[in-house]
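Each of the two complexes below includes chain A, the first together with chain B, the second together with chain C.
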Partner chain A sequence: MAAYVFRRTLQAIPILFGVAVIVFMIVQLAPGSPIDRFRTPRVSPAQLEALTRLYGLDQPILDQFVKWITAFVQVWRRDAWGYSTLDGQPVLASVLERVPATLRLMGLSLLVTIVVAVPIGVLAAVKQYSWTDKIITTLATIGYAIPSFILGIYVLYFGGVVLKMFPLFGMESLGRGGGDIFDLAWHLVLPVTSLAIQQIAGWARYMRSSMLEVLHQDYVRTAKAKGLPRARVLGKHALRNALIPIVTLLGLSIPALLAGAAITEFIFSYPGLGQYFVQAVGVRDYPVVLALTMVGGLTVVLGNLLADVLYGVVDPRIKY
Partner chain B sequence: MDRIEPASLAGVDTSARDALRSDTDEIDLIPVRTFWQLARQRFMQHRLAVIALFVLAILLVMATVIPLATGIQYRLSDLRLINDGPSLTAPLGYDEVGTNIFIRLAKGTQSSLIIGGAAVLIIVGIGTFVGAISGYAGGWIDNVLMRMVDVVLSLPVLFIILMIVSFFGVGDIRVVIIAIGITGWTLAARLIRAEFLTLREADFVQAARALGAGHRRIILRHILPSAMAPLVVAAALGVADSVVTEAALSFLGYGISPPDASLGNMLNKVRIYFFSAPERILYPSVVLVLIVLCASFLGDGIRDALDPRQRIASK
Partner chain C sequence: MTNAVDAGDVGLLELRDLKTHFFTQDGTVRAVDGVTFEIRDGQTLGVVGESGCGKSITAMSVLRLIERPGRIIGGEVLLRGKNVLNYSDQEMRDVRGNQISMIFQEPMTSLNPVYTCGDQIAEAVELHEAISRREAWGRAIEMLAQVGIPEPARRAKQYPHQMSGGMRQRVMIAMALSTNPELLIADEPTTALDVTIQAQILELMKALRERNKMAIMLITHDLGVVAEMADEVVVMYSGKVFERADALTIFEQPHNPYTRGLLASIPRLGDKRERLEVIRGVVPNPLNLPTGCLFKRRCPYAMPVCDTPPPVRQVKAGHISRCWLTPESEPPSIGADAPPEVAEAAAQELTVAGR
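Moving on, here comes the complex of A and B:
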């Protein structure tokens, strides 16, 4: 097991390296340069050239890449990810400052998703072709077709404007410093709901088909034939096996969750990594954009890694 | 069907010929149906797909005819008509800068469909190319290409698309299409590869190879037509994804920017609408959801229609 985790982690490194190459290439291919923001009539060409040399922009691309990537992995240094061109703050610190907010949002959404979607999917599968099943399947199909940003807008509209129960923006009330858990939770209700709904739709459909497949297995029929109580057959024999493929979904849903979180944060003016990225990309804050894209790539890779490892944990039939 | 055989043939085994004859008689009774006629019958059985086709056709006609008939009216604002109510020429009224919402909606639908269609061409193009070569060649080529797919799959797609669009030109429809296309082809590639892997060893491919067909001919003429089903699924998903991504980009302010129309940028100023005109959130949302739903239903329908193994219900 430990050997497998180690091997699998090693495999993630070249993938992350590939992500770094692609991200770096996009920046290189894009028109414009990081020193463009100094380009005003009052700055002489000689000064611009000095800046180009200072930032190492006159060196071969390969050298620039090596320089960037070696600095980037030294995360124990404060300036490893450079300084934001917008506010001059070290990027690493700014990112770390916003990580908890985004993790809270994503984690809670995932939790809500699992808690809601699994019973719904099981219910639909157990009562296959009944009205309950039809309603759940139809709602899930429609829910899946609604783009996440439209869901966000409507959740905000109903929760904040129609019901007037929840705040319209932000992570905490003005003037109330962090630490007030109720205030944080109150602000999280709508973003978490909107991020969870679309995930629920996808997960419920997946759970339904996974459960249906298990229900037709021989061992479930055997359990029924033995005269076991229905709850025991469903809970112990069917559900446990139906949950195995769901674990894979955990890893696969990370990219969508990340994108959804970014859009949700933008809609709710929630100060997390996604909102930070949307702001930074608009003003070409290169260090921030590079750092956040790499963090995003790392999240996706870690998600897949986690799913693969968990798969082995929950399914004893898998051997490494 | 007794036939009197000429004496000279007596004793010769004629069962094969007779079987052929009686077959011919049977075929005369059932009308001959071509592959496409069968496909159409299978498609018509798919009620949702037929409805989806119908709705999509209406949207397509609206998105073509209305912008053609009204020219650049979608970007003209009239200060006297700001927030004007519905009328005969403007069934949905005017927005906060005094442009005709209905015409903007039609134009926005047009950009969505154009972007969806163009991006899916790139997605299917790259996906088929990579998937076909990977599945057909196998070995180290397959390995290298699949690691490439792994890397692209690990990209935080929305971040990358935002990055490409904002660095290469905000508001340029071509950049949006390319950004969506070059990040979205992995699913198509995987599906096509899987199909090629199994079909590569199929008897009809072996036969073609034995007859001396070259790789290009085998890939293009023999395997690819049989790999249509996953291609259609990938294309349908691709259209839906591209349309949604473009709308999200424009909503965030990085896709198509006003005065150009997009379903996404009609929702840019959504916070104003909350209190003054919530119904304006509904229009672009409904069109978007319709496009996504129709694309996936239509995809299912076409996939089943093209699959010769699907049975046709007898009437």
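Moving on, here comes the complex of A and C:
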């Protein structure tokens, strides 16, 4: 197992390098440039020229890339990921500072998602074609189809404006910083709800189909033929097998969760990585965009690795 | 239990006019359509017939394992004289895996891949007998040894994928027998296995049958297996029983043309025939059954009268056949109970054919 993880980690290096190349090219090809925001009538062409040279934007792309990537991997250095062109802060530090907030949001959403979606999906499968199933399937399809930013806005409007029970933005109340758990939780309710609803829809559908497939397996019939009560047949023999693909999904869904978190954070002005990213894209803060896209790529690779490792843990047929 | 054996005549299991139909989008499939037979204590009943004739569905109906869109729509399944179709779910669970065990047709997929073999056997024992987990595990190992699995203690801890098909089928048998059932339903227990393993499994079943004094309902389309194992035989075709008799009669004096067709298709040692006779044609589409006799389109003896559903005739005591041919019919002659105009037409046809 350890050897397998090590091998997979080594394999991840060329993949991440490829990601770096592509990301760098996309940023190059994207319209606009980091100095665009200085283009006002009061800034002279000579000054723009000087800025271009300052940021190294006049050098060949290959040189720019090599310079960026060699610095980027030296994560033990404070300036490894460069400085934000917006606020001049070191990007690495800003990213690390926001990681806990995003992890909290993602982790809680995932937890809520699983706790809600798994029973719903199982229920729909066990009662296939019944009204329960039809209602669940319809709601899940709708939930799946609603764009996440619209859903987020509705959740915000309903929870914050109509019910007036939850804050409209932020991670903690002003002047209450310093980790008051209840305050943090109170601020998380709406973002977590919003992010979880999108995820629940997909997971419930997936759980339903996974369970349906298992219910028609011969070993479920064997369990029934033994005389086991229905609850044991479903809970022990069917569910355990139906969860195998779900556990794999856990790893694979992390990148999508991160993407969902970005939009949610933006809508709820929640100071995490996502909000940081959306804001950076808006002002072409290239060092931040590059760094966060690499973080995204790393998440995909790690999620895949996690999926494969978990698969081996839950399915005795898999050996590394 | 001894009482029941003494009573002799109260069959262990009796099916009466059992009907299990599947209500599919394309129409109704009459998978089991009026099946009647009986199994007595300690007896081995062979159920034979071509693929799709309803053997497995009959067996699953006995344990009420039919899933939608299928439904048992009529008849009785009498277990020691009581109709299990009226049992509550709880009563049914006490029958399953306890009084009646079943081995399924698919040894490769019938065991749960995420639990060890020992665990799956112990689970059945623990369920039906008031014993501890440890004792149940002990019994599982004992059962694995009984079905001839070497190193049973080690094998019990293995998962199904670590075993071959033959081994898995033995595990299934061990599981089925672990609770000492009165009836074992074995659905094609050897079909998926290669010939040597097949012979071993049959020997094993014979030995266990003697030791445990249990009855077996042996489903197969292999008449060789039937010849080796069965006391009585039920021949099924398109959801109906076509012939039923003791094994010797089925092999030596079959009455029904379908049974004769099946027998003609078994290869025999020293066979001089150029090619095996197989029954011409195919099993009728269950969604579009012919009227009258279901076998008429393939039957070498088909007559006009066969457009009317044939009677179930008693050929002799304990031997019945679903056919218009009379018991003495060799060469075939039309039954005297046919409607007169049909009989006349048939007689004419036979004369023409005879020339």
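Assorted remarks:
Operating definition for what follows: the second predicted complex is superposed on the first by the 288 of 320 C-alpha atoms of A that agree within 3 Å, B and C clash if a C-alpha of one lies under 4 Å from a C-alpha of the other, contacts with A are read in each partner's own complex, and residues count from 1 in each chain.
The working rule: contacts are C-beta pairs under 8 Å (C-beta built on N, C-alpha and C of every residue); 3 or more make two chains touch, one makes a residue touch a chain.
Everything numeric in this text was worked out from a predicted model, so none of it was measured.
Considered on the superposed chain A, chain B and chain C are sterically compatible, since they fit side by side. Contact with chain B, but none with chain C, is seen for A:281 once the two complexes are overlaid on the shared chain. Contacts of A:225 after superposition: chain C is touched, whereas chain B is not reached.
In the superposition on chain A, A:317 makes contact with chain C only, while chain B stays out of contact range. Measuring from the middle, so to speak, at the Cα centre of chain A, the directions to chain B and chain C differ by 70 degrees in steps of 10. Look at A:164: by the touch rule set out above, it reaches neither chain B nor chain C. In the superposition on chain A, A:237 makes contact with chain C only, while chain B stays out of contact range.
Ranked by how many residues of chain A each touches, chain B and chain C are led by B. Between chain B and chain C the least C-alpha distance in the superposed model amounts to 7 Å.
Shared interface residues of chain A, touching chain B in one complex and chain C in the other, do not exist.
If you check the complex, the residues on chain C that touch chain A are 63, 65, 89, 93-98, 101-102, 104, 106, 109-115, 123-124, 127-128, 159, 161, 172, 175.
The touching residues of chain A, counted against chain B in their complex, run 14-16, 18-19, 22-23, 26-27, 30-32, 141-142, 145-150, 153-154, 156-157, 160-161, 168, 255, 258-259, 262-263, 266, 277-278, 281-282, 284, 289, 292-293, 296-297, 299-301, 304. Residue ranges on chain B touching chain A, taken from their complex, read 147-148, 150-160, 162-164, 166-168, 240, 244, 247-248, 251-254, 264, 267, 270-271, 274-275, 278, 281, 285, 288-289, 292-293, 296. The touching residues of chain A, counted against chain C in their complex, run 217-219, 221-230, 237, 240-241, 244, 314-317.
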